[in-house]
Amino acid sequence: MREIGDVILDLRGISLSFGGVKALTDISFDVREHEVRAIIGPNGAGKSSMLNVINGVYRPQQGEVILRGDHFKRMDPYRAAKAGIARTFQSLALFKGMSVIDNIMTGRNLKMKANLFQQAVWWGMAAREELAHRAKVEEIIDFLEIQHIRKTPVGRLPYGLQKRVDLGRALAMEPQILLLDEPMAGMNVEEKQDMSRFILDVNDQFGTTIVLIEHDMGVVMDLSDRVVVLDYGRKIGDGSPDEVRTNPEVIKAYLGASH
Amino acid sequence: MAFFLETLIGGLMAGMLYSLVALGFVLIYKASGVFNFAQGALVLFAALAMARFSEWLPGWTGIDSPILANIGAFVLAGLVMFAVAWIIERLVLRHLVNQEGATLLMVTLGIAYLLEGIGQGFFGNDIYKIDVGMPKEPVMVLENMFEGGILINKEDFIAALIAALLVGALTLFFQKTATGRALRAVADDHQAAQSIGIPLNRIWVIIWLVAGLVALVAGIIWGSKLGVQFSLATVALRALPVVILGGLTSVPGAIVGGLIIGVGEKLSEVYLGPYVGGGIEIWFAYMLALVFLLFRPQGLFGEKIIDRV
Amino acid sequence: MKTRKLMMAAALAALLSVPAIAAEQFFPVLVYRTGAYAPNGTPWANGYVDYLKLVNAKGGINGVKITFEECEFGYATDRGVECYERLKGKSGGATLVQPLSTGVTFALTEKASVDKIPLITAGYGRSESANGAVFTWNFPLLGTYWVGADVAIQHIAKKEGGFDKLKGKKIALVYHDSPYGKEPIPLLQERAKMHGFDVMLLPVAHPGVEQKATWLQIRQNKPDYVLLWGWGVMNSTSLKEAQATGYPRDKMYGIWWAGAEPDVKDVGEGAKGYNAMTLQHGAEPNAKVVKDTLAMVHAKGQGTGPKEEVGSVLYMRGVLSAMLGVEGVRKAQERYGKGKTMTGEQVRWGLENLNLDQKTLDGMGFAGVMRPVQTSCLDHMGSSWVRVHTWDGAKWNFSSDWYQADDKVIRPMVMLASGKYAEEKKLKPRTPEECKQ
Amino acid sequence: MIYRENGQFKTSYAADQQIFPIAQDRWAVLAIVAFAFVGIPFLVDEYLFRAILIPFLILALAALGVNLLVGYCGQITLGAGAFMAVGAYAAYNFLIRIDGMPMLAAILLGGFVAAVVGIVFGIPSLRVRGLYLAMATLAAQFFWDWAFLRISWFTNNAPSGSVSVSNLELLGWSIDAPIEKYLFCLGLLALFALLAKNMTRSAMGRQWMAIRDMDVAAEVIGIRPMFAKLSAFAVSSFYLGVAGALWGFVHLGSWEPAAFSIDRSFQLLFMVIIGGMGSIMGSFFGAAFIVVLPIFLNQFLPWLGGLVGLHISTAGVSHAEFMIFGALIVFFLIVEPHGIARLWSTGKEKLRLWPFPH
């Protein structure tokens, strides 16, 4: 079973700005192996930007990302992916023109080695690889209970299912760290329960470290081991769900935001 | 030195003429997100209408004065362009709201074919003349400064002036009139504009009409320079690098882009061309635009593209 | 019921058999009446078709009616090839083809020899195809671009007072950037070597509406003469730019494709003094053939184009081109049977043995329009007579005597270039003996 | 009832990964290909071969190339003609400059040169996209138009700039007659279409489509945009280059740069859009549509006019052709922006359920 281990990902003094607008200011926190780490905060607090810094979509002006002891001034998405960081997206970023199977198969991309010519003639290694990875993808499809839609282009799926496919694509990478950007936004209660179950199962069965952004406080408090709170790009709280819940600055930020 | 200045001035004036065509692209793209490949065909169509009406009008009405005939033809051609704008909105754009950019671009290619077919079929496919009294002979200036002076092409000079005036007028139209403000609102955000009660369909007719009128002016100037015939549609290809360089959404961009491209291609052809056999100006203009793009992917004055995830 | 069927069958048979009785000769007509080059292509096509109609009105070729079908290709090579393929087998087979496009000529040169269809390219096409030993199916009748360029230099030399005066002179060639425009370059370079003048090459990209930089260079380098090798809108644009940069128009000489009404019409006064080589003829409103056409074709409401255009330069080019083809058929009939339909191969013999002397030409209504043409198996050009005409602001007037291209200059070039072609294509040139067959 | 997949159960992923998973499709396509190889040669006259079938095959190959780039990888190109030209002229130079160079090898080498050039002109795609990228490809178009006219080495110093190739030969088989040319092009097209299909259904194709649909997400799951885009440019240009070489060698025999002008580029883009972006089948539909339509109109309109006693002049036909062509494009895009291929699959979908509506 899962047992929270050492620090696997450490963020130190991250500052990020677009033009003159500061998105993140001097933020530091760490993520331990096998834990579920949540990032919360009001709208515009910089949560998504934080994830984008972790997997290299945005490049911070200051600070560094330390992944398993390797220091990165700037991550890039390809290196992040190679290092085992996968993510899902807040606004859906699936490949709309492709079927569910193909979407999830793209997640196996880094593990496929056949070159273009082998693929073009569909012979030897290329054909074997397609088969092997297809089997793996079918496992994920079974796990997420989306067998019935495997051939459907994702553009035609309802929102909740698309979110599942998004998760499936990330899982296909067999990540060590999984970044989830509001996996339950816009879902009804039943769908949220399903999704929570999947997240916990992933964490449990595969021991995947999870970094999660979520708005639904109930969900966050249930799922996560530790929580970081951001407000206007600054860190205002960090600790166990209970500690965060009682942090006066956090309360102020949330009350302020709700007014 | 004198020759360099001459080339430079020639380039600037050619650039203004490109701007005139580029302006049509920018207007439509700004307001409807359509990259209008039919702009060249619009120029041809408008010029054909102008040329033929000014030829036919004296016969129809007995007007003798060429000035009156020209004015009448201008009005008639303007009406034709209005009809074109209205039909395009009615039959085409209305059915393609929220389609992808590539689809819209293809549609305008279809419209271009249609306009070229109708224009040639209805107005004829010979070479026609637009005579609005543009001076054809050159003048020499600064003769006491340089030996032989600097040659200025009077026709180009007047054309450049008209282009500048037109840009000024359009800017005023956008800034000062209610319609102009509505157009700007639509350009910024379709849905928001619609939600405050701006009728999108009417705006599109207006913007295509304005683009049609710009095409008419461009058609008259180019037509008076080159004669009105099929190749007029190809001036659009010369204006493309201008639009790209200046940014698809910027009116000043179309002007500055035009000047840069005009000067760039003339200087390159005159000073670089002889070493490589000449005829380089077309691709040089595109390469120039491309080099700018590599540094500013959205063009000089275009809105910055930010990826959001 | 039965009788009715029988009657219908009989009627049908009668209908079908009529064309079989009266022999017909099929002329495919490749034209471009639309697109960038339509203003020039249209009058040529009208003249071509009008002449075929005139021949029919006069009773056909020894009683053989001419049938024809137009195919529009818009000056695009692949469409032209498609037209050729479509028409070559129609109505008993094409007699001959005249594509009026250098690009199509290049593409058809090999196909035509396989299909055994003569290719007449009066005043265009490959210059080396004058060598009938190698180019057995090509007929650049009346003149090639090398002829045009050669005469242009001769004329300039004459104006300057002799070939020795050309030394140190500068002659610019403003040309359409295509095989057509490039054709004269080798000859000009050859002549430049002979007489010590400089050639300045200024290409203009299709379709030729952007020439500002070209004329700036001309203004900078001040060439003594400008040769214009344009087609379509490029020509009038050149003249307008010349006017706008103040280059004297009377120092400009166009090839015969840059010396017609559409080229100068909308420049008007601005083109005054501009000269062009002629392919023998100019604008010929007073020629008898023109009057015949007006009386026997247009007056009956069968004119192809507007009446005003009849007799204009490109219209006449079409008439001459059609006439040469018709005369080829007529000649072939002399050998293979009068009143019969000729095959492409027989027509080739006719075209190789054309002998139109002045009397024959005058009799056909071409008095004052053209000079004799005599071809042979080895010489597919037949004549190289050229005059110069000049635009006076309203019409074209002849302004020189007749010239003939210098065979001493052109012949070796033709032999060299056609020899290279034969080698590339692994062709064995025909020998004079083979020609006698 | 005929076209149903009931009872066809797949017992392995391999069976499910076939190009045509439904048996009827498989047989139909096999039958069509067999007919194209064996049937058509006996049924068709020279005109159809030369004027329609051969151009169709070659342009379908080119459209396939454009579709890989535009339809699968989402990179708009308006310079497809330039890469055809590069392929044609490169193949020409290989053929005449190297003694004993086999024709097929020259054509394929032409394709490879085009691929390299494609990579170079694809580099801007790493930074600019959409319409701006389309303009960058126009730069390629105009540059190569110019280069093949001006740099005489490319044309073996032919004074006119026009080059020609003859005596085509493949392993001792001399390709002269239209039927031989047809079979040669058909063979190449069938082979390359199969290769294209394989690429698009394997990892490479998924990378391209991922970049097309959502490039940021693609990057995040470890797809390198540079590799994906440039490989699409390379493969697309290879196809275009081979098609260009065939166009020059087999169809025209002798050509000048105008054969690969910007009009050709537009034509190819039309084929892809009308046929269906992101569909191999669509490339064939589009090519057929664009090749046949003008010729059809050209013959049909005068006939139609004749029926109602109207003589339509050649120019009139041509103008009508412009109008109808334009109108059809507009109509198609409004009714089915995803092209004929989508209409086709919708039709199949309906047929599958027929005669029961659900």
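In this document, chain identifiers A, B, C and D correspond to the written order of the chains, with residue numbering beginning at 1 in each.
Note that in this section a contact is a pair of C-beta atoms (placed from the backbone, for glycine too) under 8 Å apart; a residue touches a chain by one contact, two chains touch by 3 or more.
If you're wondering where the values come from, they're calculated on a predicted model, not measured in any experiment.
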Steps in the shortest chain-to-chain touch route ending at subunit D and beginning at subunit A:
1
From subunit C, the most remote chain by mean C-alpha position:
A
How many angstrom lie between the CA centroids of subunit C and subunit D, rounded to a whole number?
36
Centroid spacing, where centroids are CA-atom means, of subunit B and subunit D in whole angstrom:
33
Subunit A and subunit C: spacing of chain centres that average the CA atoms, whole Å:
73
Subunit B touches at least 2 other chains through residues 120, 125, 277-279, 282, 307, 309
Per-residue overlap in subunit A, given as positions that touch at least 2 other chains
57, 89, 93
Going by residue number, subunit D touches two or more other chains at 145-146, 149-150, 216-217, 315, 319, 322
Complex interface listing, subunit D residues touching subunit A:
13-14, 17, 195-196, 198-199, 202-204, 206-207, 209-210, 212-214, 216-224, 231, 235, 278
Taking the complex as given, what residues does subunit C use to touch subunit D?
31, 33-34, 38, 42, 45, 70-72, 74, 76-79, 81-82, 85-86, 89, 102-103, 106-107, 109-111, 126, 177-179, 182-183, 185-186, 203, 205-206, 417, 424-426
In the complex, go through subunit A and note every residue touching subunit D.
55, 57, 77-78, 80-82, 86-87, 89, 93-98, 102, 105-110, 112, 114, 116, 119-122, 126-127, 129-131, 134-135, 138, 169-170, 173
Can you list the residues on subunit D that touch subunit C in the complex?
45-47, 50-51, 55, 96, 145-146, 149-150, 159-162, 164, 166-167, 251-256, 258-259, 261, 263, 294-295, 298, 313-315, 317-319, 322
Contact set on subunit B toward subunit D in their complex:
35, 91-92, 95-96, 99-103, 105-107, 109-118, 120-121, 125, 237, 240-241, 244, 248, 276-280, 282-283, 286-287, 289-290, 293-294, 297-299, 307, 309
